[in-house]
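Look at the two complexes coming up: chain A is in both, with chain B in one and chain C in the other.
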Partner chain A sequence: MPARADTRRDSRYGVFSRAKLDKLSSESPRSPQPTAPPTRFPRKLALLARFLSVVAVALLAIAAQPAPRQSAATPKQRYLSPLEMAITPDGRLLYVVCQDSDEVRVVEAASGKLVKSILVGHVPRAIALSAASRILFITNAWSDTVSVVDTTTLQVVRTLPTGFEPSGVIFDSRANALYVANRLSNDISVIDFKTGQETKRLLAGRGASYLSLSPDGKFIYCTHVYSNPGAFRSQPESEITVIDTATQTVVERKPLHNVAGAFHLTTSADGKLSVVAQLRPKNLIPLAHVEHGWVFGDSLSLFGSDVGGMVQIPLDELDRYYALPWGVAIAPDKSKLFLTTAGAQSVTVIDVRRLLQTVRTRRQPFVNDLSASADYVSSRIPVGHNPRGLALSPDGNRLYVANRLDDTISVIDTTSEKVISTLDLGGPKEVNALRRGERLFYTAEFAFQGGFGCSNCHIDATIDGLEWDLEPDGFGKDIVDNRSLENLAGTEPFKWNGGNPDMPTECGPRTEKYFFRSQSFNSQQLTDLVTFVYSLPYRPNRYRPPNDDLTPAQERGKAIFERTKSKQGAEIAETNQCGYCHSGPKYTNQRQFDIGSGKATDRSPIIDVPQLPNVAYSAPYLHDGSARSLEEIWTVFNPKETHGVTNDLTKDELNDLIEYLKTL
Partner chain B sequence: MNTRMNDVNRIGTAAIGCPVERSSTARCYRTAIRRGCLLLAMFAIFASLMFAQDLPTFRWENFTTANGLPDNHVYCVLVNGQRIWAGTDNGLGLYENGTWKVFRPADGLAHQAVLSLALDKHTGDLWVGTMGGLSRISAGRIDTYTQLNSGLSNDIVYGVAVQGDSVWTATAAGASRFNLRTGQWSLFNERNTPMFEIWNYAVSAAEDKVYLAVWGGGVLEFDQATEHWKDYNDPDGETEMVVMKDQGLIHEITTSVSYVDKILWVATYFGASRYDGRYWHNFLQKDSGLPSNFLSQVKGLDANRAWFSTDKGLAYYDGTNWAVYRPALDTHKPEMLVRDAQGNVKNIPVLSAPSHNYILGVDFQGDDLWVATAHGLSHGIRQKESVNLAKVFGSQEGKKPNEGATQ
Partner chain C sequence: MLLRRLTALYLLLVATGPADLQSQPAAANPDPSFIYTVAQVYEPLAWMRGEERFSKGAALFIKNGKSERPLLRNFESSADPIVSFDGQRVLFAGKAHPADPWQIWEISLQGGPPRRITTSTEDCIRPFYLPDDRIVYARKINGRFVIEALDPGGGKPLALTHIPASTIPSDILHDGRIVFSAGNPLGVGQTPEIYTVYSDGSGVESYRCDHSSARHSARQHSSGDLIFVSAKGLGRFTSARAQGIRLDAPAGQFAGDFAETTKGEWLLSWRPDSNSTFRIMRWQQGSERMEPVIEEPGASLLQPALIASRPVPNRHPSGLHDWPNANLLCLNAYTSKSRFAPGSIRSVRIYAHDGNSGTSLLGSAPVESDGSFFVQVPGDQPLQIELLDAAGKTLKRESGFFWMRRGEQRGCVGCHAGPETAPENVVPAVLLKSTTPADLTGNARNASEGH
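Here is the complex of A and B:
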């Protein structure tokens, strides 16, 4: 039924949109795939060709459907996936965080020769070097720990506990204190390094991820991969959390307006210019406007005395986007700014003098003026797949770029702005389906003008916490929340209305038509992408006690989840019992129902039953994200008990139910 | 027994208290030191008693809407260094550097009526209990928790306290404990505690114990180690008649608790109580320096000293003596009443007083006070001069208890 609706919508809007898209697409000089037929063909012929190509692609996609079982059986090689780096003060060694092999590789910066491989915790994410370079700190995102490495012996000497999903890390040598940004608990652990005890937990924003110490050591800045929770369908707002290292308290929250994902932050050596890599989404208007303007603005926020207040600047160009700005570095002499654009496989180089001149000249906000980047971008340097972390040599002459999905490091001469060598970190030589699929997931090359890729919304293959108006069905229709991608096999169909029966449909024609508006994946690519998406595992559940030994509150919640009678003894209709829809190993019966959550803007109130594992991580809730918390699903959006019988529950019983849901 | 006494007598002591027979030199010195310490301790106690004869005086500066306070009805006040937070009926006021900044729902606050405040001393975050939920102010950002969007037990948050990683709230429907690290809400009510009334008015939390003032239900004690609850009730029942004064809590209708130095201070609408874990001592208007039995708050300074917020003035108890600060109930002129241990009362001439008799809360800024009243916020600036009761009552014949005090 929903699939038919899609077809109808396509017949209403698709031809015009595609024709226009094709015209625009043919102007794109960097599209890696063959472009659509040019518009100089006779119109009818072009339409026919286009129709046939759509049918052909759809058939190919269907034929290419990999069964989940087949995907799961694909052997996963231990790729290294270098994510972040630190460099020794003499510039001789690079410490490389390898995300997929759970290690830090110590390599010679000049030759790439492996000095040592240090096994750390699960899914290491960030690295910091102490001021005297004697200690390395590595966060282990899925172990909830920090590995402490003695750089003399290159051995892990301590492992310290943190909050949920530790990411960024900074060591304040003066106070002997370690700061860790915890992405899932949305806070910052302050750890007394002498005792190893966490002395306090500071409130950060949602998705606290990257930390940066100001050159004078007075402040630590924290950025966030998700925007802070706000009102339904409001503009995303993020923040830079500013910590005073003297008091170890948060003293300021610099607002990042209309920013959904902020990544690395760096400050110039003179302390006068700080830079944040960030994404500005246009999630409040229909995605039909992909061809009319950007869906994501790849941009920077600047602050510091060089620019006065907070200034946002665009990185994109009028007809080309540089997706997913991620890592940033400023040359020691502040002449240049380097930026990895993880979805565009490139490094953007900005002339700082021209940048500051532009900022000072233009008095009005210009972050949406994509022509502005020409004033200060000096070059775009192609590098490897999914470039992430950056490290500048102490003299500023060499820039090292971690190509996460190549297991290599690009070495850039910062004067000529050219790649002069590529260091092979020694990962598997074979590029298997998983890796190919992961590259497809993280690239923006398939979208119109390279605007965005899967990972723009599924940040690090998770969510973005936003509600989107995805399809060209009119303004404000069918608003949808971003669903989790963890362990999807066995949760089909997909899409909030269940309209896509399988993952190839979800990732294939739908993506082509409604998201990317440009090239679709060929059958092999689609198979690879689906294989990768199906391979995404559950993140560790922090609420489930060891050995599933539930707490009393969780046990009480479980009883409520499984009950068949109300507290008054009345039978609860089978279809209104929690365990009816949310059944099976993924807590979904893979069917669609009207649970009364439909809005006037929804074409149909019937929605797909979502899986529940790790539901605590994926706020907001309901198909459109209108429930800002698990509680609101029932306190606000279930007045007629169409989504389970809950009105007989006391407040503490509802709390128990939620405590149980968080363990799933 | 007698033999041993005789032995002691026979052994005797020298002038400095050293045994003259069967004593080694070391033992002699030890005993001397011990007795010296005893003497010092006695001197210290004597000195403290002498000092305790001094009652503080204040110069009062008052704030109303005329000079920036968001509303004249001030429910609570909290001092954080040089920042003064005032919870009023129409917004939360922040007084800093001589100016007021106001937070209301438009700024993200849960509700305009701010009933309670607590500071997380580790992080500097402020927790704000309102008539419409609980807000957290952290470096300017306001996050709000309500009974709809979170596990908070009820939106009317009369009391809030932070202890370690827990934020405790006393609400109109039981108490809540919010774990800041896990995000878990635990609710405490008639179903899992001896709370036979659910109207919680105040909470005081320490490392070992948490106390709840339950309006109509006495006091509840939570043992942090065992997670067990214990209730303290008025042995006379709910009657306002005091039959056994020091046998237990003075009354069931409790409004405030303050747990400090392992001493529990309790305010009720019918007097106040002090509990040391074994013995209760109760305070009534008729036999203490309390200007009224109707109390909104008590705040212990330490095991012996406390401030009482009553409907007839602000009272200070130093463990022996009392002082009351208020506008006189009849003339509204500034008034300070002092009362010594014998019940002698004297009216001390003063030039200023808190802005209103009806006191709702107090907090400390060094030696200064900040006082929430039903009509304005008052800053009590501690004066060098104290009232020395020895001088006050030594120079004249003491009056009878409460004589001269306008009650």
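Here is the complex of A and C:
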């Protein structure tokens, strides 16, 4: 468990009232006192700052790009962006997590009428309802907290600290324990709900994100949006971390072979079939074309007694892809399986009986057979933009689908498999440039046959942690690591060789010709997309102390970063000092150099200097992703001190340097 | 019959003027206008032999409501109509004079004389619009039809097909690929089959690999399915299935080139048996019977083309490099509809068609233990692959041909793996040895071109 998490807790979140904790510790129906949602700053100030920063970024984006111009700066409106949902046992109310408005909207499932809007923390990501339905838990990804909502008063009554970027959440009523998957700290917080104290931090895989409780309550399953770190150019391996709720320990790590990007998991009511929505990237073969599942395989992993061991099944077809499988639900009678495909703007319905028959009949793996889905997919239902979370009514007759980039919920009749109504959650009616750009970023419709979109590799607008073999450089040549998209203005040029001078070039013809292989964005769309990409801010830096008051280790690391002489007193050439290349507000001088990291398969060793802010989040490192950690940059890939002078540093000193870099 | 219709053309043009030929919004027209071809004799597969489909000529007519009128005057023959995406122009194959070869022409539906687009001494037939005002058609060269693309400004046409046999386009798919018919095995076979190619000539492949009886003249339905003519009637390719399926249409023979109305009905050229002539029928999928729309005793009515706007297919952004040769990466030759014993494939040979009836060996390259190989081959030539064992004995030789465009880099999942097979995510062993392809161009000087 990172030490910083504990030291920060008191200062950032205050001291919890023991009395309040006691009141909620046993799902009391009484009305607890509301507490303010946690923020680093007063909410209004934070919102104002966010608004101004977005305006500034949008202006910068427009100014930075020479190609088609946006007519005016388009500040990000307070769209709702419904991401996840929970439904009451009587099916009357939907609790909708609204990612962009930092709230949970409580709406009537039948009419969509707003019952109440509950402000929570920043960038809420997931929701869970306690077994008795008296308490709602909402993770706040950018506040590193969980908001606890009393469903009788519909008010936030507690706010609990978590690890970095809390995502999935589950409440184990029997043990009165809260489990939270922390995406950036790659672990799972176990919180004693009575005391509010985190009692354990369980090691998960990289990008721990979604949690699911088995129907018998014995196990919690955790899936991950990134694959685990592995050897260079090896197949991505993810896992399902299995936690025994009786012992609160990890008892198994079910491997997900060749999977990078596992999303929701659900289990049938009888406990015999579990399903994971997942991406199978094809990052190890040259990206020569798109057809025949050459870039991604949209798929599911199945496990449980119905299927025996882990079985992967394809969702795509020969000529059409169903990109980014994300949310899953199984009908109460296990007749159907529902799946949102976030990049394809649709819901896939699978006939479970036919699915199981297919799995039992076919003895060999068939996840690469694009004709297999015809044997079990019963329909593809078009819904809104970027469908994510879904919720089934308790009787299984209605399926609710959160259309994240429409601020709506599609209501599907599960018998006819048709959309019967669309609930408007009340977001802004105007679709501005940022929203249009975000839709473009998350859709797969521009790639050949709908194969994939920007967000396939930039999961939730971040990275995928993979290295790719892009065709234009030749087959097997110029392997490139996926770069972060945070706060890109002022970091031009783009591409690892610095070949693209601006974002329109990066996202325009290059993407069309060598990625999507199909007619892509027109001038206006490209402008919108670039506007959105430039608007992506830094995620909160969890390592930077308040007031930049560095720890001793960080101070020592800073001194190493800024040093001009080696430990032996030798002058370090200016061009070999860290701050020469990693200079300026984003720690890049926006130039290209040979730092000795080139490989035999690289056409040129000249590499663009990457920006360093939030570098801790973007492993692996170096242009080709060959360094699995920051430390390996110097201990493995800098033998001739061409990437700074580092071979005189001890292990402890390298650790100090890393501690400092993580604060940038 | 044709004379009667041509006479009628003159009278009608004088009486009504060409403005009547303008596109009408299909949705507002309950009985949509369409263009069709009238021919006394029609041999739908004569192109496979490089021969004439309309040995007694043909003429284009327009049906608008209850009236029928010729599209052109002073034309010896006209056929193969295709309406532009905006519904304002018609591309067709025509002969202005009896001694002329078929050429590609375009006429505005708002009036004016037809414009000749191709200028060849040999036949140019079967035109289609591509996005960005490019067109594609089949030109007869040395007795066989080659598919070519032409830019809107003219210039030298780009040959898209490179096999020793005829190819003829039948539609442009929504994804921008050209669907065409050719004999199977490609380049040598006599059984018509359905293939696709990108509009720069790269990526040629069989649409499906369940080769059996004849199928040709595929057109794409608004659902994305391909509807084709088969020996048993009509067939359908769906996105989800690796095999074509029979389309449950009324018995009889179909000439291909169906048109889909906004009401979801199909206009089909159909005849009850081979002793009859084709007529235009209206059919609703699922219905047991068709209704006649128009028929002409003694003549076949063919190729219905709606006068209406329609979606523009996606443009294909060509990724061809400026190299004289092409690079081919096979991920795993064992992934195949043929069966090979593990470890049995040791090398690959590439042959080129020699221009006559034989082939010439370009060279051979090792196949890695994982079945991968990486070779450089000449562009724009008919090629053939052969897999061999350790003793140099042939394990499997491709019966037909394929081609790669100059500057193309292509990856294959396996050797005849079928379009339903996606690749496994693993670095091919051959790329761990070298990223330079083995030179099988037949010219060692070209080794590693472009790298």
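By our rule, the second predicted complex is superposed on the first by the 585 of 664 C-alpha atoms of A that agree within 3 Å, B and C clash if a C-alpha of one lies under 4 Å from a C-alpha of the other, contacts with A are read in each partner's own complex, and residues count from 1 in each chain.
Convention: a residue touches a chain if its C-beta (ideal position, glycine included) is under 8 Å from a C-beta of that chain, and two chains touch if they have at least 3 such contacts.
None of the values given here were measured: they were computed from a predicted structure.
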{"item": "When chain B and chain C are modelled together on chain A, clash or fit", "value": "fit"}
{"item": "Touching partner for A:Leu119 - first (chain B), second (chain C), both, neither", "value": "neither"}
{"item": "First (chain B), second (chain C), both or neither touched by A:Gly163", "value": "first"}
{"item": "Partner chain in contact with A:Ala131 - chain B first, chain C second, else both or neither", "value": "neither"}
{"item": "Touching partner for A:Val636 - first (chain B), second (chain C), both, neither", "value": "first"}
{"item": "Of chain B and chain C, the chain that contacts the larger number of chain A residues", "value": "C"}
{"item": "Chain B versus chain C as contact partner of A:Arg280, first or second or both or neither", "value": "second"}
{"item": "Touching partner for A:Glu512 - first (chain B), second (chain C), both, neither", "value": "second"}
{"item": "Per-pair minimum CA distance [chain C against chain B, superposed on A] in Å", "value": "20"}
{"item": "Touching both chain C and chain B, counted on chain A across the two superposed complexes", "value": "none"}
{"item": "Chain C-touching residues of chain A, taken from the complex the two chains share", "value": "233, 235-236, 258, 280-286, 288-289, 291-294, 297, 314, 316-320, 368-371, 373-374, 377, 448-449, 471-472, 474-477, 509, 512-514, 517-520, 601"}
{"item": "Residues of chain A touching chain B in the complex", "value": "163, 185, 199-203, 228, 239, 241-242, 247, 249-253, 542-543, 553, 628-629, 631-632, 635-636, 650-652, 654-655, 658-659"}
{"item": "Contact set on chain C toward chain A in their complex", "value": "131, 175-176, 203, 224, 238-243, 314-319, 321, 327, 329, 331, 374, 409-411, 413, 419-428, 431-432, 435, 437, 450-451"}
{"item": "Contact footprint of chain A on chain B as seen in their complex", "value": "122-125, 136, 138-141, 143, 147-151, 153-154, 165, 173-174, 180-187, 189, 191-192"}
